[in-house]
Amino acid sequence: MQFDSWQAFINMGGYGFYVWLAFGVSFLALALVVVQGLQARRKLQQEFVKEQQRQQRLARRKREVT
Amino acid sequence: MSTLLSVSQLASQRAGRTLFADLRFAVKSGDLLHIEGVNGAGKSTLLRALVGLVELQEGTVEFFPEQNELAENWRAHVLFMGHKAAVKTELTAIENVELLAELGGVSNVDTWDLLETVGLIGLEDLPAGQLSAGQQRRIALTRLWFSEAPLWILDEPFTALDTFGIELLHTKFAQHIAGGGAIILTSHQPLSWQGAQFKRIRITGADDAGF
Amino acid sequence: MQASNWQALKAVMQRDLMVVMRRRSDVLNPLLFVLMVVTLFPLAVGPGPDILGRIAAGVIWVAALLSALLGSERLFREDYLDGTLEQMTLQPQPLPLLAFGKMAVHWLLSGLPLVILAPLCALLLKLPMAGWWALVATLLVGTPILSAITAIGAALTVSLGRGGALLSLLLLPLFIPLLIFASGAVEAALVGTEAWPQVLLLAGLSLLTLLLAPFAVAASIRVSVN
Amino acid sequence: MWRWLHPYAKPEVVYHLLGRWLPWVTLGAVATLSIGLIWGLVFAPADYQQGDSYRIIFVHVPTAMLSMSLYLALAIAAFIGRVWQLKMADWALAAIAPVGMVYTFISLFTGAVWGKPMWGTWWEWDARLTSQLILLFLYIGVLALYHAFSDNRTGAKAAGILAMVGVINIPIIRYSVEWWNSLHQGATLTVFERPPMADSMLYPLLICLLAFALLAAALVMQRMRNEILRQELRRPWVKAQFAAELTEANNGQKGQA
């Protein structure tokens, strides 16, 4: 254990701002990638639902015509 | 009678929609194949897929399956004309025809004579950009007169042509077919064709994706 | 009956030359652009010969890159729109060869005039005499790379309606080695050391690019006409 | 080889295979990342020259190394897609590129933040930083080109060609930038050229490298699954998949209510 206290750990020997800025932005960026990936999947699912509804409309129309 | 083109199990999709599936046909010399279908049915896609401009999802296209020496270099023996005329608007009709002939590997073409045949007399040395769409199309169509390719694949060849032009093309088609060639074409106009080997394929563009 | 490779190459080049000769502004505008940029710099940083002479080679090269971008969109655009490009892919001759023909014409009408214009630019920017030959030599061996890489980018984006900004994004990173070696060579000549190594290096890169680029352009054209 | 590869060239099979592996790879990434970072941040000794600021390397070095490897992977995928007409390889391109771009960005950002206390400037035209910046532009170009086409398939092919052109250029760019840097001799940067690292710092660094590699794999796998669904959206198996997921979700909601 290199640090005596929680304060010392945050302070990082005076370089706290730089170290935590670097780590913070890095993991924020990684989190954004993960979230974006999950969102993309949800969007695909919605697209599927929309397509399904479109097909149902088409089928109904066909039934009405015939 | 030799087979010029044999197609099996052709399938294509655009934007996830099935345009055609399990399409199979053969074109023999003397055939005129008319591909029919409503707008967006995939007629152009089919023609472009035949010559490899559109990637095939499934199936095989074989040119000249019985003549190896032609099959190896089929691009030299198939003439494709799409929607776009491939005419340079900056160049004159004469220059366009000369360059087309040179690219087609035909020397000794009487370009003036040819332009007269397609009805562009008096317009030979005007930049093609100053001509009408139909006239530009006629410049492109001169390829049919000097090309020696046995198989023609024509996408909407009658577009923008007047009745005289359509008549002219009909005559040319008849000549080509009588000479043992074959034609595949798309057209919205009903073709009045008396030839024995007139075939039709109808693409429905059915959305049978299974929903 | 089929045109020989040579015949087809000649026809493709002839067509492009004839078309451009009817639209001279396409050749002149990029050159005028270079001249304008070169004129702007002394006005921006001051006319002192020490500053100008130091940045002259860099300014001329950056102007050359930007002018290449300026005209790049039009390299295949007309051919794509009027169907010439798809006919080109259907020629029985190898497509890389025909693509090379188009690149060669592009260089003749954009690269070569730049080489000829360079001494005038050098004069305006007060480039010391020692750097002149190096500038011209780097332009001579470097502009073919410019044409080749531009052709790749243009072929990739030709089917997109407006590819201009995207094209710059694709091309500029690839231009960096060219910029570095070319301005480095001129700088070496200015400080009196040997500039030959960099010029030879550029010539090597140029050969490599001319060897590989036609295949990349051909592949891109096939993707674009799809 | 074809006979062996064939079943794996089926999107459906790959989708489920990736789905089976993804939790384990993610678990491995999270575990190694926690171990590596806690070791690096808490237990590794401070550097005698740079104090605690050096701890940035536990993110900086792995992402910098992997950003290059990911571009190489991108180009290899593009090459396979081109030569063997394997559409799955084209899709892999779309999965790898965003991850590689973010890694490149992280390595650049952490490098700049590290540079501020060490060199006194956020940005230095150092050879490594410069070529990393160019790599970022290359990534952005590939992604922008991929998304510029309305037809995904065409986009993937165009981006693949660009990726291959880029990978040929990378060594040239690297060499030219290094040469340029030595020519202009800016600040002499010794921060990166360190004496052999003490084991107490090296081990956590290696663990972090492994962790970021696993993380990249997990992210690529997640994106690859999305890409497969996107490209095959109208195939029956995707529909069945989604339909099953939706009914499951509905049942879950009903169960709660």
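A, B, C and D label the chains in the order they appear, each numbered from 1.
Quick note on the criterion: a contact is a pair of C-beta atoms (placed from the backbone, for glycine too) under 8 Å apart; a residue touches a chain by one contact, two chains touch by 3 or more.
These numbers come from a predicted model, not from an experiment.
Student: Identify the chain pair joined by the greatest number of C-beta pairs in contact.
Tutor: Chains A-D share more contact pairs than any other pair.
Student: Looking at CA centres, what chain is most distant from subunit A?
Tutor: B
Student: So the centre of each chain is just the mean of its C-alpha atoms; given that, what is the distance between subunit C and subunit D in Å?
Tutor: 33
Student: When the C-alpha atoms of subunit A and subunit B are each averaged to a single point, how far apart are the two points in Å?
Tutor: Distance between chain centres: 50 Å.
Student: From the mean C-alpha coordinate of subunit A to that of subunit C, what's the distance rounded to whole Å?
Tutor: Centre-to-centre distance between subunit A and subunit C: 42 Å.
Student: Calculate how many whole Å lie between the centre of subunit B and the centre of subunit D, each centre taken as the average of the chain's C-alpha atoms.
Tutor: Between these chains, centre-to-centre, one finds 47 Å.
Student: Can you list every residue of subunit D that touches 2 or more other chains, as numbers and ranges?
Tutor: Touching at least two other chains: 151, 233-234, 239.
Student: In subunit B, what residues contact two or more other chains?
Tutor: Expected reply: 55, 211.
Student: Please list all residues of subunit A that touch 2 or more other chains.
Tutor: Expected reply: 51-52.
Student: State the interface residues of subunit D toward subunit C in the complex, per the touch definition above.
Tutor: 82, 134, 137-138, 140-141, 144-145, 148-149, 151, 154, 157-158, 161-162, 164-166, 168-169, 172-173, 175-177, 179-180, 183
Student: Can you list the subunit C residues touching subunit D in their complex?
Tutor: Result: residues 152, 156-157, 159-160, 163, 166, 169-170, 172-174, 176-177, 180-181, 184, 187, 205, 212, 216, 219-220, 223-224, 226 of subunit C touch subunit D.
Student: Considering the complex alone, what residue numbers of subunit B touch subunit C?
Tutor: Listed in rising order, the residues of subunit B that touch subunit C are 51, 53-55, 73, 75-76, 78, 80, 82-91, 95, 99, 102-106, 127, 148.
Student: Which of the residues in subunit C come into contact with subunit B in the complex?
Tutor: 1-4, 7-8, 10-12, 14-15, 18-19, 22-23, 78, 81-84, 86-87, 89-92, 225-226
Student: If you look only at subunit A, which of its residues touch subunit D in the complex?
Tutor: Interface residues on the subunit A side: 1-3, 9, 12-15, 18-19, 21-23, 25-26, 29-30, 32-34, 36-38, 40-41, 44-45, 47-49, 51-52.
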